[in-house]
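One chain, subunit A, links the two complexes that follow: it is found with subunit B in the first and with subunit C in the second.
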Partner chain A sequence: MRRSGSPFIGTGIVLAKEAADQLSGIRMVVIEALVFLIALVLAWFSTATIRESIGQSPFLFLRLLTMAPDPIPFSFIDTVGLVTPVIAIALGFDAINAEFNQRTLSRILAQPIYRDALLLGKFLARLLALAIALLSLWLLVLGVGFLRLGLPPSGEELVRMLGFLVATIAYGGVWLAVAFLFSILFRAPATAALAALGLWLVFSFFWSLVIKPLAATLIAGPPEDIFGPNLAYIQTSQALDRISPNTLYAEIALALLQPATRTLGPVFISQLRGALLGAPLPASQSFILVWPQLTGLIAAMILIFAAGYVVFQRQEIRA
Partner chain B sequence: MADEVVIRAAGLTKRYAATLAVDHIDLEVHSSEIVGILGPNGSGKTTTILMLLGLTEPTEGRAEVAGFDPLREPLEVKRRVGYLPDSVGFYDGLSAHDNLAYTARLAGMSRREIDERFTEALARVGLSEVGRERVGTFSRGMRQRLGLAEILMKHPSIAILDEPTATLDPHSTQEFLGMIRALKNDGTAVLLSSHHLDQVQTVCDRVALFNQGRIALSGSVTDLARQVLGGGHVIDIEVRGVGVRDRLAGMSGVVRVQVMGPQLYRVDCERDLRPEIARLLAPSSELTGIRFAEPSLNEVYSRYFDEVRHAA
Partner chain C sequence: MLLRLLAVLSLVIASTGAGAAEKPSGVTGLYLTTRYPALTVRAGETTTIDLSLRNFNLPPQQLALSVPQLANGWKATVLGGGQPIESAIVAPDSEEKLQLRLEPPSGTGPGSYSFLVEAQGGGSTLKLPITVTIGQELPAKLKLTTNFPALRGTATTSFKFKVTVANDSGRDATINFSADAPKNFQVTFTEAYGTQQLTSIPIEAGKSKDIEAAVAIPRDTPAGEYKLALHAKSEAASADLDLSITIIGQARLALAGEGGRLSGDATAGQDSQLTVIAKNDGSEAARDIEFSATAPEGWKTNFDPKELPELDAGKSQSIKVTLTPAARAIAGDYQTTIRASSAGGLSESANFRISVLTSTVWGAVGIGVIAAALLVVVFAIARFGRR
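Now for the complex of A and B:
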């Protein structure tokens, strides 16, 4: 059955209203404060360490993002990898269930729009808020680095950092889509938030340590056999690892921000023939290296959003 | 619009797994008419409303609202229908203006139209003074009025109101009923779902009584009374005298006599017995009034569901 009218009528209006709500809300103030604190503290300590070794690396700004400065035990990318999902979940966990709880949904959907417009507008508005938060973080780090080091980033560093920013937005988009899906599935916002945070904890702490080794052993046998490392185990283990958006994001960060990274899988001796170990790859080659991971993150975001979309289309609107 | 059918449902059915929520209902609503839909909780009223709005798909049957099919042309239907859900919700952090401006933009109104219609609609519902205040500070009654203002802004040809007075105090209810009558005077057809039978009776031209997903009875309150309370006439008599009840009960054609007050009797008759009653009572009693009784929807409703229970 074909229905008349575009499903996207009203998307822009929903997006504008939701974006205004997000950007002017107290939640965004807290997020921006968090972003400001992270950027300032990490950039300050990192630049202090880097200033002592200027001239040792052509990629000072990339080091700013990858080094764990004394006395902080985390690097910038570690921190962003931890904070981005939390921000995304904070933005999305009550996106739809709050409409049910406030009893606004039937009133809104009684206007001449389809559900598609409401869902897409809400998701894009939150993705925009997330992108603004991450862009602020990125610009702050760049600005503090510039001021403290007295050097501008090179063109290649900027390209790599921009790629990292896009990957971070896509990574945040995956967790936003997860929070969105749970906000559709669960009427209680607290349940939705807990479910999303629980899933994030599973992927952050338990996946690589417990679930992946067990599953890989069951599928491909023990990690070592009589000839040494079991290649089937390594490959299965890596495939399972890449189910986690955290792994995909970590691999992108590694390849883009450490230009010497030449591969993201097992390396065979034959592949190293003629290679200059430690020599940086051109940015374009690093992008080719992370292309599957980047498209994987974007695809995961779209797939999870689509799952929420299907569930929402089938829900009964009585509130 | 001269007495045009604006809502037409034919064999409209909604099934949820094994539950038949709405069972082949036929319904017609004309322009400038207020039709009440009544029935116990779970009898299919809200599901019918949602199908008419295109917010849920019927399993069978078809509907036409303002000349459009809600299933295939829901946007056209929603452009012409104003809907006030049961306990309407607003964004508490936004002002009344911003709440209504948002839905008005979704309805396709320009900024100028929104400002003009907002002022006019708020004046009509008596909220002009609080248009810029946050809805979070509004009472339930004010929220219901704001919901009605949203409908007024849309200039709809049909208004669907789902239990709009359920949470209102008696004074607010009376005011709200006046606003519903004003909608009718503007030429808007109103479909009103309510549990408050006395209110339905005071504003509705016709009534449809839902039971287990079906429209069990429909028509004017008098029609319903005739169907449920019996085919005859109900006469109210004000009389002072002795043995009145027994004398009335002994008359041929009288089905039932009820004592409604110290000098007030209600007689269910098979035909119009007013002249005979007057002749019977006048010589020995002081007869001060004799007239047809307005049948009570409450009585019709109670009697109908009593009979349904006994039949079950």
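Now for the complex of A and C:
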């Protein structure tokens, strides 16, 4: 018998309840504490370095995010790129399997809501919690910047930083969807968490260093041939690199926060002839440059969620 | 001018030979001498005459010095070692050098004036008469000359006349320079081979100096011949020098964007228009002007019109430039040089900063990717939903 009506009736209720659980839980307190620590320490040292060394720059606030301040070897975007997946995985790894283990899932589904609404509500609530954490991180850095530099960001800088925030949420969303998928696939939360963290570890550390060069060499030959760099190798390795959400996110951050970035792919010398290097691109052009990466991240988040959805719908829940 | 030579030489005591010899054997006595006892000086000047007091073969003698005979109003001082003295002691076989300073009263006219210098002591009196003649002064006269009184060049040439100023008068003079030149011509005087501008210089009597008169003219001066006159003036005399400058016409091109802008936007792979204004701000028409551009590789440029047969002086013409960046051009700023060259080797260029924008077509594709992902979700719901 085919059921009728919107599959998403009750999504709002699930979202509200889940969001309340997430935001008031001890997990959120820990995440927020982490966020505050990162934001304050990095913004403080960055502004100190800027005040000491940079007299004038049209993109002072962007420098705040891209520079590696003196005693710390990472910049703000490096740190956010590292911490965001961990927060996302922490939020998502026990979304479904915890309900299984506490035997509450069948009780929830006894209510007049579809599984669709439950899954979407849970996902959106976690995405909301993630967005709140990242937004507060972003606002903190902006505030410390205001306070310590004594001047407001320009409109262009604000637009670029907003784009960076959206990209960070999308990037976190991808990892949230991955953790969500694993929480559906594995009944033990620890297994789901380990699987998600393992995947994150692969993309963060091993993908660009080990897997990508190997695969690219197998597909397109050695990186250098007798005529110099092998273009096919460069293109293949870049295509492989862009499978990793970390690479996509790093490229977005680079192009948006360093306005002089003109391209993210290989460039021929002939394309640079006559170019005035170092001139910043207008924000709209930078957005066009990262549009494929940004849309790719958002689409990946939706597709991974869709995969989790299909698996969840086909699962036996009676327990 | 006349020189009345007064025989001076020895006076008194030893009446024998004249006493200019260094160490004549057998000469004994005291002598007061001077080399030129009669001389001509310029009016109003203080004269210093060298005197010499000698002692041959006598014990040291103290001699009192005085000038008993003095022309009316003159002031005479005997100086020894730079100071006024009244007496001197001359050692045996030695010479004492003295000076007689004669100051004339103001307004002394030409004529001869007699003086007598006396040295008394040792029971003898030495006398030395001196005659000073004040000559007639030369009339003041200035002369301005130049080797090249007519110069030729374009309106941007810097014209320089080398002028010699001679002070052919009997006294030093300070000479002022001025010039009569056409309106907006600027004449400046500098010392020859120097850079310091000047309005006057002192020149000694009978000497001459080289100066340089530089003429700066407005760049838009029409072709033609222009006369100018230099004047040199001292207190008593003046001199003039007529000069001429022939200016030949010259075309000069200037390129600028519309409203002075030197930047423009273009989209990769698409035609975009840029308006360039070519202006002739020279003094003659420019002929056969051709336009060209140096653009980044793979760009196309087109001019409308591509050539101008003639552009009159002071006229401007707007040129439509069609720029087509390479289809695969990377977004950002590029430099394009637009050049205008005309007959006579004239060339002018302007650098334009072109901001290349990229097409937003791929943005729509990105939206499409998200839409496709959402479609997958919709399909999944349709297939598996509502359970």
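One rule holds for everything that comes next: the second predicted complex is superposed on the first by the 313 of 319 C-alpha atoms of A that agree within 3 Å, B and C clash if a C-alpha of one lies under 4 Å from a C-alpha of the other, contacts with A are read in each partner's own complex, and residues count from 1 in each chain.
In this section, contacts are C-beta pairs under 8 Å (C-beta built on N, C-alpha and C of every residue); 3 or more make two chains touch, one makes a residue touch a chain.
Owing to the predicted nature of the structure, the values given are computational and were not obtained by experimental measurement.
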Subunit A as common anchor, with subunit B and subunit C clashing or fitting: fit
Subunit B versus subunit C as contact partner of A:V310, first or second or both or neither: second
More subunit A residues in contact [subunit B versus subunit C]: C
Which superposed partner A:Y114 touches (first subunit B, second subunit C, both, neither): both
Touching partner for A:L276 - first (subunit B), second (subunit C), both, neither: second
Which of subunit B and subunit C A:T295 touches, first, second, both or neither: second
First, second, both or neither for A:T263, with subunit B first and subunit C second: second
Inter-chain angle, subunit B to subunit C through the CA centre of subunit A, in degrees rounded to a multiple of 10: 170
Touched partner set for A:G5, first subunit B, second subunit C, both or neither: both
Subunit B versus subunit C as contact partner of A:S53, first or second or both or neither: neither
Which of subunit B and subunit C A:Q285 touches, first, second, both or neither: second
Least Cα gap, in Å, left between subunit B and subunit C after the two complexes are fitted on chain A: 6
Subunit B/subunit C common contact set on subunit A: 2-5, 114
Sites on subunit C touched by subunit A in the complex: 294-299, 326, 328-336, 353, 355, 357-358, 360, 362-363, 365-367, 369-370, 372-374, 376-377, 380-381, 383-387
Subunit A residues within the subunit B interface of the complex: 1-5, 9-10, 13-14, 17, 21, 102-114, 316-319
Residues of subunit B touching subunit A in the complex: 46, 50, 53, 55-56, 71-76, 78-79, 81-83, 85, 87-93, 102-103, 105-108, 147, 150
In the complex with subunit C, residue positions of subunit A that touch it: 2-5, 7, 114-116, 262-263, 267, 270-276, 279, 281-282, 284-285, 288-289, 291-292, 294-296, 298-300, 302-303, 305-306, 309-310, 313-314
